[in-house]
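Next come two complexes built around chain A: one with chain B, the other with chain C.
Now for the complex of A and B:
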């Protein structure tokens, strides 16, 4: 049986005295689109920072694609793509130059071809020769996703990918995520506040409340479990209001 | 990976207006150094010629022109002032720009989620900064040679060219120290503006405050290559005179004047000793940069939860 895409066992983290993550146990199978929900300060970004090897957890172990994020950092970085929130790339470089740079950092054998192919796949070839400084938020986000997938990772981490996007941008992002998952088989781990998008795109959801994972299940079972709720927002509020 | 990081830095610098403006200023100043040297040289010769005419009228013999023996490279003496002023400022901005984008815009997070090690990253940044400064020094060398060619109407001798190359190599080392100050300041502060202010503060202290103190508070010391302070029995001046070897800026200027043969002659070992503080400072700052990048928390380079 294949290794889970993401596996966290007893992961805790603290920046100062207060813990940001508390004893998280989470498994995400390959091919899933996972929506990680939680209020501001719940610890979602910290969890992604640990899974993308940027942060060493204070306790517990985390594995991505079967590799430990601390002991096998290099192996983990080879199989992940990451788009932070509020993405900004090198303003003085063109979109293509940025993509080639990140492709080279990932050890892609033909960075030029990879950059052109990725832009073409996302329908953004027209942005390639333009400098990033001239881009709108939506355009930056498209190139941000392109840099995250230019080396064709197995697991894609998106941190608040819809922030700052207009409704058209949100729709395009939703379509992109569905395509990456459906056509390329990428596992997607998405931190978000936009619950309506989670309902449309994600196959599984998890809810983080003050550093604790209070809920995790498939979208199908979630809607089954909360049959009387009118929308995902209601389910989310009900889960968060439950005592931890 | 090191080469990839270095190439990206060079590409970005090439397109930074602030950096380009400082580069052009330095090159213009290099050409001006030759021009100013030539004008003062011509003025002195005119005065000498007039003195010879006056002496001839009175029937007195004219002494030989003392400036005939002046070294060829003396025309570029102002470069010894421009490098610590404009050159160091440019290096500071270069060092700042090398890391500031990655820090303030969160690009560092994307870089370190790739298979890039911290050591590769910092080595790439240092390689890129050194290459950029070396290219600038090479351009300044070419401008100097052309200026001297135009002013003197003759090609530089191999010995003079060697001295000029040596001067620019020393300048490259000196500027690298300031590029590293620019990098370290970015790693020590969270805000980009504070980083630049801190770096400028260090530049001011190294270029003006310490030379002023270590040369017995003589007002022109920070601008001109200086001779040893006047001998004095006062303890304060004794202390400042003894602290002079620690003044990197002063030691650079003095070593440069010796290399260009415009200062009082001294042994090669004495000049080498003057270069040591600059070399030492570069090594210390490089080690500090590596240490800070190693320990830096790139996950917090933008807002985190």
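Now for the complex of A and C:
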């Protein structure tokens, strides 16, 4: 059986005395689109930072693509793509130059072809020759996703990918995620506030409340379990209001 | 090419391109280019006139049957004095700005987490940035040297000999080491401050002390510097008497020299001036004689540059992509 795409065992983290993550156990299988939900400050970004090797957990172990995020950092970074919230990239470079740069760092053998192919795949070839400094938030986000997938990672981490996007941008992002998952088989780990988008695109959800994982299940089972709730927003409110 | 070397090269090219496209840095480079060119142009014009006078004197002497003519007092490389001083002052600011931009660019664009989420080690990041900066600095120094050589030949009317070109190359290497030390300072201090602009301000403060204040204090305390031509010459004291007098001021001279020695810029200036025949006393010295006279300046230059380069290496390696937490 293949290794899970993401595996966290007893992961805790604290920046000061207060823990931000508490004893998280989480498994995400390959090919899933996982929506990580939680209020501001719940610890979602900290979890992503640990899984993308940017942060060493205070306790516990985390594995991505079967590799430990601390001991096998290089192996993990070879198989992940990452889009942080409010990504800017290099303003003095064009979109294509940015993509080629990140592709080279990831060891892609033909960075030019990879950059052109990725822009084409995302329907953003027209942005290639333009400087990033001239881009709107939506355009930056498209190039941000392009840099995250230019090396065709197995697991894609998206941290609040819809922040600052207009409704059209949100819809395009949703379509992109579905295509990446459906056509390329990428596992997607997405932190978000937009529950309506989670309901449409995610196969599994997890809810983080004050650093504790209070819920994790598939979207199908979630809607079955809460038959009286009209939307994911209602389900989420019920989960959060339950005592931890 | 190994993948690690490929990543370092990619990062170095990236650094080079970012520097070339930075308006602030290009403006500083243009200022340095213009003042250096003007300085060499004026010096070369004066040199051409002095050379014509000397050649007229030689012709007149030979026409008059004089067998023994005085050797030329002109020293071609001494025309580089202005260029060396501008590299010492403006070159240091350019290098500091380059170091500042290396760090502040990643912070402003929030790209450090993106870089660190790639298979790139902190050592590769540090090496790539430093290599890119060395590329920019070397380009600047080589371009300045090439233009200076052409100016000396075309405007000054004298082409440098291979020996003089070799000494210029040594000055060029010292200039690269000197500027790299200030680049390391700029990047290291900026990386250690929370607000990048504060790092730049601190570095400019250090520049002021190291490049301007300390050498000025040393010069001001030197009694022989107070009168044009030298105090001892003015009062008719010969070299032996001067040495005898100065033995009574041993502690004073030790402190004065010590203050100057604190300045990294002074070591660069002393070495570069000696190599460029700016100071009379080194005229006619062979390379080995110059090396014997200036070995401590060479050592200090490399000590300062190596220490700052090592500090940068450690600073980059320890710089977290995001603020880290606490181990349980």
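Operating definition for what follows: the second predicted complex is superposed on the first by the 244 of 244 C-alpha atoms of A that agree within 3 Å, B and C clash if a C-alpha of one lies under 4 Å from a C-alpha of the other, contacts with A are read in each partner's own complex, and residues count from 1 in each chain.
The rule is short, and it goes like this: a residue touches a chain if its C-beta (ideal position, glycine included) is under 8 Å from a C-beta of that chain, and two chains touch if they have at least 3 such contacts.
Predicted, not measured: the structure shown is a model, and the values here were computed from it.
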Fit or clash between chain C and chain B when superposed on chain A: clash
Thinking of the overlay built on chain A, is A:187 touched by chain B (first), by chain C (second), by both, or by neither? neither
Determine, under the contact definition given at the top, whether A:40 touches first (chain B), second (chain C), both, or neither. first
With both complexes overlaid on chain A, does A:16 touch chain B (first), chain C (second), both or neither? second
Looking at the overlay, what does A:58 touch: chain B (first), chain C (second), both, or neither? second
Which partner does A:78 contact after superposing on A: first (chain B), second (chain C), both, neither? both
Of the two partner chains, chain B (first) and chain C (second), which one does A:92 touch, if any: first, second, both, or neither? both
Touching partner for A:102 - first (chain B), second (chain C), both, neither: both
If we overlay the two complexes on their shared chain A, which of chain B and chain C does A:176 touch? Say first, second, both or neither. neither
Select, from 61-69, 133-141 or 241-249, the region of chain C that bumps into chain B once both structures are placed on the shared chain. 133-141
On chain A, the footprints of chain B and chain C overlap at residues 20, 46, 49, 52-55, 74, 77-78, 80, 82, 84, 86-93, 97, 101-102, 104-107, 147
List of chain B residues in touch with chain A within their complex: 1, 4, 8, 11-12, 15-16, 101, 105-107, 109-116, 297-299, 302-305
Can you check the complex and tell me which residues of chain C touch chain A? 3, 6-7, 10-11, 14, 17-18, 21-22, 105, 108-111, 113-121, 320-328
If we count contacts the way the header does, which residues on chain A are in touch with chain C in the complex? 12-16, 20, 46, 49, 52-59, 74, 77-78, 80, 82, 84, 86-93, 97, 101-102, 104-107, 147
Footprint of chain B on chain A - complex, ascending: 20, 40-46, 49, 52-55, 74, 77-78, 80, 82-93, 97, 101-102, 104-107, 147-148, 157
